[in-house]
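Following are the structures in question.
There are two complexes below, and they share subunit A, which is joined by subunit B in the first and by subunit C in the second.
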Partner chain A sequence: MTKVRVPSGAGESRGPLGLLLVAVPVFLLGWMTVWPILSGLVTTLFPKDAAGFSLELYDRFFSDDYSLDNLRLTLWTCGVTSLILLAVSVPLALYLRFARGPLASYVQTLAMFPMFVPSIILAFAFIRVLGPNGTVDTILNALGLAKIRSPYLTVWGPVIGLVWDNIPLTVLILTSGLGAVPNPAIEAARDVGARPLTLFVHIILPRMWSSIFVVISLTILGLFTAFTLPYVLGPASPEMMGPFMQRTFSDLRNPEMALTQATIVMGFCILFGLFYVRSVARNRRD
Partner chain B sequence: MLRRHFMLSVAGSAVGMLVLPKVAFAEAGTIDWYTNSDTNILDFWTNTVAPKFEVANPGLKLNIVDAGDGMDAITQRALAALETKTDPKADFIEQGDPLSPKGAMEAGLYANLKDSLSNWSKVNPLGIETDFAVPYRGSQVLLAFDGTKVTPEDAPKTFEDLVKWIKANPGQFIYNRPDKGGSGGNFVRRVIHEVNGRDPSKFTVENFTPEYAEKMLAPAWELLKDLAPSLFEGGAYTGGNTPSIQLLSQSAVTMIPAWSDMALQNIANGVLPETTGITQLTDLAFCGGFARSVVFANGANRDAAIKLADFVLTEEIQSAIISELGGFPGVAWDYVSADLRQKYQAVVPSSIPTFPGGDWGSAINDGWYRNVAPNVDRNA
Partner chain C sequence: MARLTLNALGKTFGTTTAVAAFSLDVKDGELVCLLGPSGSGKSTLLRMVGGFETPTSGEVLIDGEVVTRTPPERRPTAMVFQSHALWTHMNVFGNIAFGLRIRRLPKAEIASRVGRVLALVGLEGYGKRQTNQLSGGQQQRVAIARALVLEPKILLLDEPFASLDQHLRERLREEVRDIQHRLGITTLFVTHGQDEALSLADRIVVLKEGRAEQVGAPAEVYRSPATPFVAGFIGSMNRLPGSVEAGRFRHGALELPLEGVPDGPAELAVRPEHLVVRAAPGGGAASLRRLTDYGTHRIIDLETSEGARLKAQVADGADLPQGPGLQLEPTAWAVFRNDQVIARSPA
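Now for the complex of A and B:
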């Protein structure tokens, strides 16, 4: 995924046909991404109430503690989810890269499983299992242990759900990144007596960084717009930007403010998007 | 329901939606029937009302059409047909409002059901708004509780009792965010009624101003904030009607506000145990509403449609609305079977207050999110 090389010789046939091939995606990108961003910027910077250019809507957002709390929670959730996601997925990817045999393929199937589960199903399963008096509580109770404090309806609810939901993509990208680690390098290091940790830090990790950056930026882009899991599993307040934007738009019927929130979210996403583009570009240069 | 039957009915209605509008020519004896209600209502009509009606009235048939979001178009078409004196190709609207479109009722689009229905006298007077629409089913928010922990006698009867009960049983009550479902929404509205002298007439669509709303709603936020520490997890709020019912079914809480039809249906299909109790406040009930059917006066099968509207008010169908649909009857409770009346005695409404929507809805939701929800100290 991170290594795309144009076969040598392909360059000669480039020309009108190549341009034609990219015309459709470029047009779609312009129409469905660039245009809405520009129109959002114009609408929010030239609000209806003001005569001309005005930062009033942004001022309202950044002077409103309630909105800021929601933004802070979104950033916090993004950060914590990415960290936990890496902590879970890196060992999994390492295992899948180096393990052989039938067990590994079962693990791989299992790791891909969340990809095929719609998040609304996941949310209700979560309530049954980790919710109050759910399966986990029942098992703990049967073992004579204390009840857990359920993460349902706390900020940890969406974190757990989002981690689970994002495992497949993360593992896929990391595993493909690990493909760049040549076996001879590892064997050579082992031969000179490198221990697993040294092996990981000095041989494997340096070749993984770019895929880790790609994973983090892709995950965070997804988390910013997450809706179902924060809505069903999270607390009423502070809420993540996804449900907050939806509520502002349809419930409070304030499309201007919702657009402002979306533009601010877009700003953060562009930051992480740049991060992603840079990682990919650097990877290609390698 | 068997999965095969389910699949068949899903496939059937999917095909039906594609095919029916095209063959919906007004045919003598075929009532063109439209709804925009949920699938459970469509199923109820398809599987219960239509077969019974067709057996009772040989020669008459129902052409059941799910109008989805297109209900306005059907009504507009009927209004246009009234002006051009053509056939609207629609006879019966399962849930309609004779006040819309504006002026349609005065122009004579809707049949006067008060004069034409022999069963009109049975209709619950609480549900009558105009003579042109027959309230045939209703639902209302009520309290659902775990009958193994609270006896019906100890269940709160007034709002004051409820507050006392919530405070005496910390962590055992939860309601959903008011914008995410009517059960929590109407609980919040009941609080607003409570702090404003239990007088629903103080709130109308027209009297909304931001200042008036601020004045009327502020005391409700105080009361709700005061309740928060005694709620589930010290002030958690579920994301909808169903998650609240789920918490009750998992015995994580003892009492929730719930829609009557959802509570009864969940008890009937075993999601909530048989022991679940339901009760309504007696000082002022939670808000609710009726679904009202209308008949187009210019429909080709007008008389047959009126027969259908009359048929829906019979004891047979009204009892089925309670037992199969989990709804409230549209007729006064004296006209449903005695054992059903006995069984649901606690929920028989003596009043069904309503709350205006529009700006009030936005003010309530935003006010709640800003004032009540953040006041949660999760570490307390």
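Now for the complex of A and C:
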């Protein structure tokens, strides 16, 4: 029988080197993510004022109408923003997937543009355009028309800003998902008589679901922790969880309650995180 | 059953001409193979018939009706793609039934028609299988069934067996021929495999750079190639450069009488099975280099005194002497000059 010799060092020496390479990111993940999560859980479940385990902080959050309103507003903003984002980005991604020529390149550049604009600049641009006495109002006034009801400092302010801010990533993910739909599959559907809407519903959409789930998960994860746009463009009361946590921490000087709010937000994020992991796993399986 | 007419069909991509003023008339129930190397325009031609490419010039007619600008979803054609193009999120039944569902046929009729085509392609009982549970050959049968279930007037096949192994390809080829005969469906078949074209087609169109080099029955294209390109592309062909002098083609010691052919350079084309090789004790036109046994036949490699390499098919070959001293006698041949036939062997 012939024995196959494995060159020495081919397998064994890579082990320690590989571990060394991942050591730094693993350490950072532990230090900056896992540790704060554990610390947050321990601090909020074993508060200073209680003798041991207590749900008192969570009880206070869930029995406080203002906190619940903020949570509701955050969930509402997440839902509405995701829906509008999909309504805007799916047609854009479809166009970029199937269109040819220079116009498609310009549209793609335009769709990616918000990625390079910092949120704070976007917020002030929004105020200058859609805020009271902004560009739109000025134009309407010059035309002798009535002013618009500005979305600035209403619940729609953060929605508009967040949609704009999230378009590039959403379009990128959806376009990449659409890349998985081969041209012959589309041509075969047209060949058997599928018109554009049938084609989209029966052939394209089923292959896009995974990308849509990934987009929704990632967007909602980002929206839950969004701060700048909700803080600058949103209403003062109720407010989204990002500004609420910051105000509880620095204005009300109640770090324990801010930590409780953060832990609750993290709970929701973990839910959507699991959703994301499931979508990615499904995508790979397909 | 329908008649397909292509009238001076042309397609250009930028400055590149893919198809140039191509005309063809495909009769009711005929199977025509478009044969040519990569880039010869055969797939572009098929896609123009299917409606996936818009011709730059000319027109496509099905049963006399112009469909040049009609989108694929409204053409009475069905296409089988090289990559199967099955929808992986649907099972076999779903893939075949999709076109019928779009046409809002009753469920019972859909089930009956799908069952019928599944039986036709030998896949009874496979309806509930997922497409990724099928082999390459089975997937291609599903693709064929999906095209046939709509009872199209014209069936278009774009190198449907290219991704399959040789054995499976031969089997499916026979099955497709059988189905096409039974249904009598007018078919346009694109391939770059000469065997496929020779065994399947009623007529072969040999394409080169978007133009038809020759259109004819398989035997005609094989036995009487119109151009050196066709001669070289279909089957194995020996091409011997030489010249015509005083009514004879000469290549070294090999000579052939040609009547009424003006003097000048020429090229002799002869197939290996039409080249008789004999031992010539006094010295001949070629020497034996190698003998290869293919099981069904033997091929000998020869080198002429002028340095040209030839192949000849022999029954045995063991009796031939090594080295120089072989006499060559072409039994069927053609002589070309400037890409035109100037003489052929008597029929």
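To be clear about the criterion, the second predicted complex is superposed on the first by the 257 of 286 C-alpha atoms of A that agree within 3 Å, B and C clash if a C-alpha of one lies under 4 Å from a C-alpha of the other, contacts with A are read in each partner's own complex, and residues count from 1 in each chain.
Methods note: contacts are C-beta pairs under 8 Å (C-beta built on N, C-alpha and C of every residue); 3 or more make two chains touch, one makes a residue touch a chain.
Everything quoted here is computed from the prediction, not taken from an experiment.
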If subunit A is used to align the two complexes, do subunit B and subunit C fit next to each other or clash? fit
Looking at A:R97, would you say it contacts subunit B, subunit C, both, or neither? Reply first, second, both or neither. neither
By the touch definition at the top of the document, which applies to A:L153: first (subunit B), second (subunit C), both, or neither? first
Partner chain in contact with A:S237 - subunit B first, subunit C second, else both or neither: first
Once the structures are superposed on A, label A:A194 by its partner contacts, choosing first (subunit B), second (subunit C), both or neither. second
Pick one for A:R60: touches subunit B only (first), subunit C only (second), both, or neither. neither
In the superposed arrangement, does subunit B or subunit C reach more residues of subunit A? B
Between subunit B and subunit C, what is the tightest CA to CA spacing in Å in the combined model? 47
Counting contacts the way the document defines them, which residues of subunit A are shared by the two interfaces, the one with subunit B and the one with subunit C? none
Subunit C partner, complex, touching residues on subunit A are 182, 184-185, 187-195, 198, 202-203, 206-207, 286
In the complex formed with subunit A, which residues of subunit B make contact? 177, 179, 232-233, 236-240, 243, 246-247, 250-252, 361-362, 365-366, 369-370, 373-374, 376, 378
Sort out for me which residues of subunit A touch subunit B in the complex. 66, 69, 124, 127-128, 131-134, 150, 152-154, 231-239, 247, 251-253
Subunit C residues within the subunit A interface of the complex: 50-52, 71-74, 77-79, 81-89, 98-99, 102-103, 143, 146-147, 150
